[in-house]
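Presented sequentially are two complexes of subunit A, the first with subunit B as partner and the second with subunit C.
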Partner chain A sequence: MESLSGLALAVALAALGLWTMVTRRNVLWKLLGLNVASGGSILFLVALSHRSGARPAIVGLGPRPAVDPLPQALVLTAIVIHFATLALALALVIVLTERRHTQDVKKLEEEG
Partner chain B sequence: MSAALAGVCGYLGLGVLGLVLGQGKILALFALAGGIASLTVWAPGFPESLVGSLPFGVAVAGDPWALGIWGLALTLHLAVLVQGWLKDGLYHSLITVLVGTCLAGGISRDLFNLYVVLELSSLLSVVLVAKEGRSAAVWAALRYLLLAGVGMTLYLFGLGLVYGRTGVLAITSLSQTDFSEPSLRVGVGLLLSGAAVKAGVFLLGLWLPPAHGQAPTEISALLSGVVVKLGIVTLARIAEAFPIEPVLLSLGILTGFGGLVYALWERDLKILLGHHTVSQLGYMLIGLGLGAWEAALFYTVAHGLFKALLFLSAGMAVEAKGARTLAELKGGLPRPVVLGLALGTWAIVGLPPLVGFAGKNALSFASPTWAKALLQGLSLGTAVSFAKLFPLCKPEKGGSLGGIPFLAAGVVALGILGFFLFPGLLHPISWLEAFSLAFGGYGVHLFLGPRMRTLPRITFDWAVLWALISAFGLAFGLLLGTCWI
Partner chain C sequence: MKWITAGVLLGLAALLGLGIAGVWPRPEFPDPDPIATEWDVENAVAAIVLGVRLWDTLFEVLVYALAMVGVRFFLGGMRWQGILPPLAETPLLRRSADLLFGPILVFAVYVAVSGHIGPGGGFPAGIILGSGLLLLALAKGVEHLSTELYEPKLEGLEYVAVAATLLLGAIVLIVGVRSSAAFVAGNLLVALEVAIGAWVVVHRFASARGEV
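Now for the complex of A and B:
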């Protein structure tokens, strides 16, 4: 059985992040929202691999059955990708702020 | 299999080496040579197997889709390499890694590997779009990155649900699972919307026209030619694993006409081509939705070639005149640019004997009558929109050829190959249809041209909102659509 509270928290995080992306007009807030949402997706994968009573997927921790290690391996890759996305997006925001002196999406759309 | 993996590793390795050492141009040449050698070795195809022949791992296969994507990516890389030969090594290294990513995406048959490939391709495309540093391009790139981020978050949720219900991620194993479970259906819907954001499906992929239009010349060609096809490959793989053809068909119709409407009203040459990329993606989705994957694959490769040709010529035109709108670009363009634009237009409106004719007819052979009518409506609309390019075709002076000859040769060669692949193309009715649609389109353009109003622009917030709404629509549509799947 998956960890239901973990799954619920993951969905809530994603909803919160995506809501922020839609409602805030500042690019930095949007980035923050995206980051929270992708954090939600990572938590979702980890929570899916949880089994009640299972031990962590480490060799030598005893005879009990272990959790599924695959989602955790996938999550590692996803974390790196999210980090790269965030770093690149922040670099672009810096360039835009220097050029256009605004981080407001509406103003960026108007002239750009 | 090892030949294909060696080709991919060569591309990625040499690209990264070029980023570290400089000398990107020479290493890009080596990578291209290695890629072509690898393709010639594995071209007969290889069965699905796990990388490194381990009992677990990433599934890859040398199927027709892989072959098509590889051929397309390598041809475009050759053209782009020649076109941008004077650019610096860093630029070429980034392009090399991007092409390597596309090659990896072509052979991979694993949902998570496709996720990694899609993310990597968007990161590299964003860097390349923004590299020249014009504010409009940087903003287009940031839009692209944020929207792709939303799409990929949805994709990860979908991937989690699919893995949680089936315990596998390889396409072949997934195709043997029971699709009736509700949470699996929601998962597939989320996967689908994530891939659709990357593939530029209408309402989910509204980042595409500005990003492709604002990018530097060679990058536009590469993005519209092959990078966006990674999304199509992902959709094709998902369609192979799960019975979602009706969804793809309706998405295809929406994309085809939605992109077309925006293209009809667009006055900026490169952004116009970006809208047409969206519209043309509709053909491929309709092909996938009708289950005619051979025709969809042929159209994917065909579109990659002629759209890259159009983008290269358009980019050269914009560089030559220093202006972007159709009105400012009238007349006085270099001869090779006009030749490229004319040949690309000839192909995209589907006139024989070029590749667009073969692609469109291959699709219409595979479709029932109502779908044929839809496809002809799309072709007519494309012809109406491309009639706007006629005033540009007055050459005045010579100029450099760039990568145009390679793509022109590709468009002609694949067009002729199409006659052998799809018998029935020589039928006079098809020729008559093609010519009457193209000239009919020109007539409609002459009639409607002065009567156009402006359309509302879709701003970034709306794009995000629509992406989310469409994603939930897809997920719940799949959940409720038990009766018609």
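Now for the complex of A and C:
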């Protein structure tokens, strides 16, 4: 049951992030939305790999069935890549603000 | 656009509702122990990250290194020009940071070295070490710390770590070595790479936009 609440929370986070990305005009808010949506997708994968009463995927921790290690390995990759790409995106936002003096996508589109 | 987003969100909620209602039965997981023992380790996640999906991890390390090169490139020419008020003298924070950094370093090395037999691995270890560096930077000031941790030297070390990771990956993939020693070495190299990347982010962001 707890994995279902995890899935529900994951979808809610992804929805919140997606909504922020679409409705906000500030680039920083969009990145924040992307961050939240990414957290949702990470939680979704972790909740998928979970079963109540399952043991960690480590040898020698008892006869109970283990959780699925593949989503956990995927999540490990996702977190690191997310950190790196977010850092790069924020660096680009700093450069953008230095050159164009705005973070508003509408103004940036109008100015061309 | 908002209506499309609302539709997508409703679709997501409907999919979730169907999933909770049990329309798609959840499959039983296969036993992960054989994968772990096949690669001579005990942690099945480590066996997947540095064994079954090693190609993926190698490219992940490359993407991480490239992103850090990008951060250096874009923020390299920027220096903070304004005068910032100095931080209040906090001897307690400075002493505690000095005292805490040693245990943090030891814990990071432990997490990296024991990643193949328990929870841990190179990526968490690198982030733990990066957090320790952030603590030192907060306590001493980034510019002061950056004279001690000279970045061009670290940059060279980072590239050496990336090259060594690729070489290790080639040995595992081509020669077919399946030993826990390769996992320990891989985890340590990845930890070094991630920690240096985290320091690059802290340093560049702080020096492009003022002292932390």
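The rule is simple: the second predicted complex is superposed on the first by the 110 of 112 C-alpha atoms of A that agree within 3 Å, B and C clash if a C-alpha of one lies under 4 Å from a C-alpha of the other, contacts with A are read in each partner's own complex, and residues count from 1 in each chain.
Everything that follows uses one rule, which is that contacts are C-beta pairs under 8 Å (C-beta built on N, C-alpha and C of every residue); 3 or more make two chains touch, one makes a residue touch a chain.
Not measured: the values here are computed from a predicted model.
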| item | value |
| --- | --- |
| Touching partner for A:55 - first (subunit B), second (subunit C), both, neither | neither |
| First, second, both or neither for A:22, with subunit B first and subunit C second | both |
| First (subunit B), second (subunit C), both or neither touched by A:90 | second |
| Contacts of A:107 with subunit B and subunit C, given as first, second, both or neither | neither |
| Partner chain in contact with A:76 - subunit B first, subunit C second, else both or neither | second |
| Partner chain(s) touched by A:14 [first = subunit B, second = subunit C, both, neither] | both |
| Partner chain in contact with A:99 - subunit B first, subunit C second, else both or neither | first |
| Subunit B versus subunit C as contact partner of A:41, first or second or both or neither | first |
| Touched partner set for A:67, first subunit B, second subunit C, both or neither | second |
| Shared subunit A surface residues [contacts with subunit B and with subunit C] | 14, 18, 22, 70, 77, 81, 84-85, 88, 92, 95 |
| List of subunit B residues in touch with subunit A within their complex | 112, 115-116, 119-120, 123, 126-127, 130, 133, 135-136, 138-142, 145-146, 149-150, 152-153, 156-157, 159-160, 163-164, 457, 459-461, 464-465, 468 |
| Touching residues on subunit C, where the partner in the complex is subunit A | 1-2, 5, 8-9, 12-13, 16, 19-20, 28-29, 31-33, 35-37, 42-45, 47-49, 53, 56-57, 60, 63-64, 67-68, 70-71, 74-75, 78, 117-119, 121, 123, 194, 197, 201, 204-205, 208-209 |
| Touch list for subunit A against partner subunit C, complex | 4, 7-8, 11, 14-15, 18-19, 22-23, 49, 51, 54, 56-60, 65-70, 72-73, 76-77, 79-81, 84-85, 87-88, 90-92, 94-95, 98 |
| Subunit A residues within the subunit B interface of the complex | 2, 14, 17-18, 21-22, 25, 27, 30-31, 34, 37-38, 40-42, 44-45, 48, 70-71, 74, 77-78, 81, 84-85, 88-89, 92-93, 95-96, 99-100, 105-106, 108-109, 111-112 |
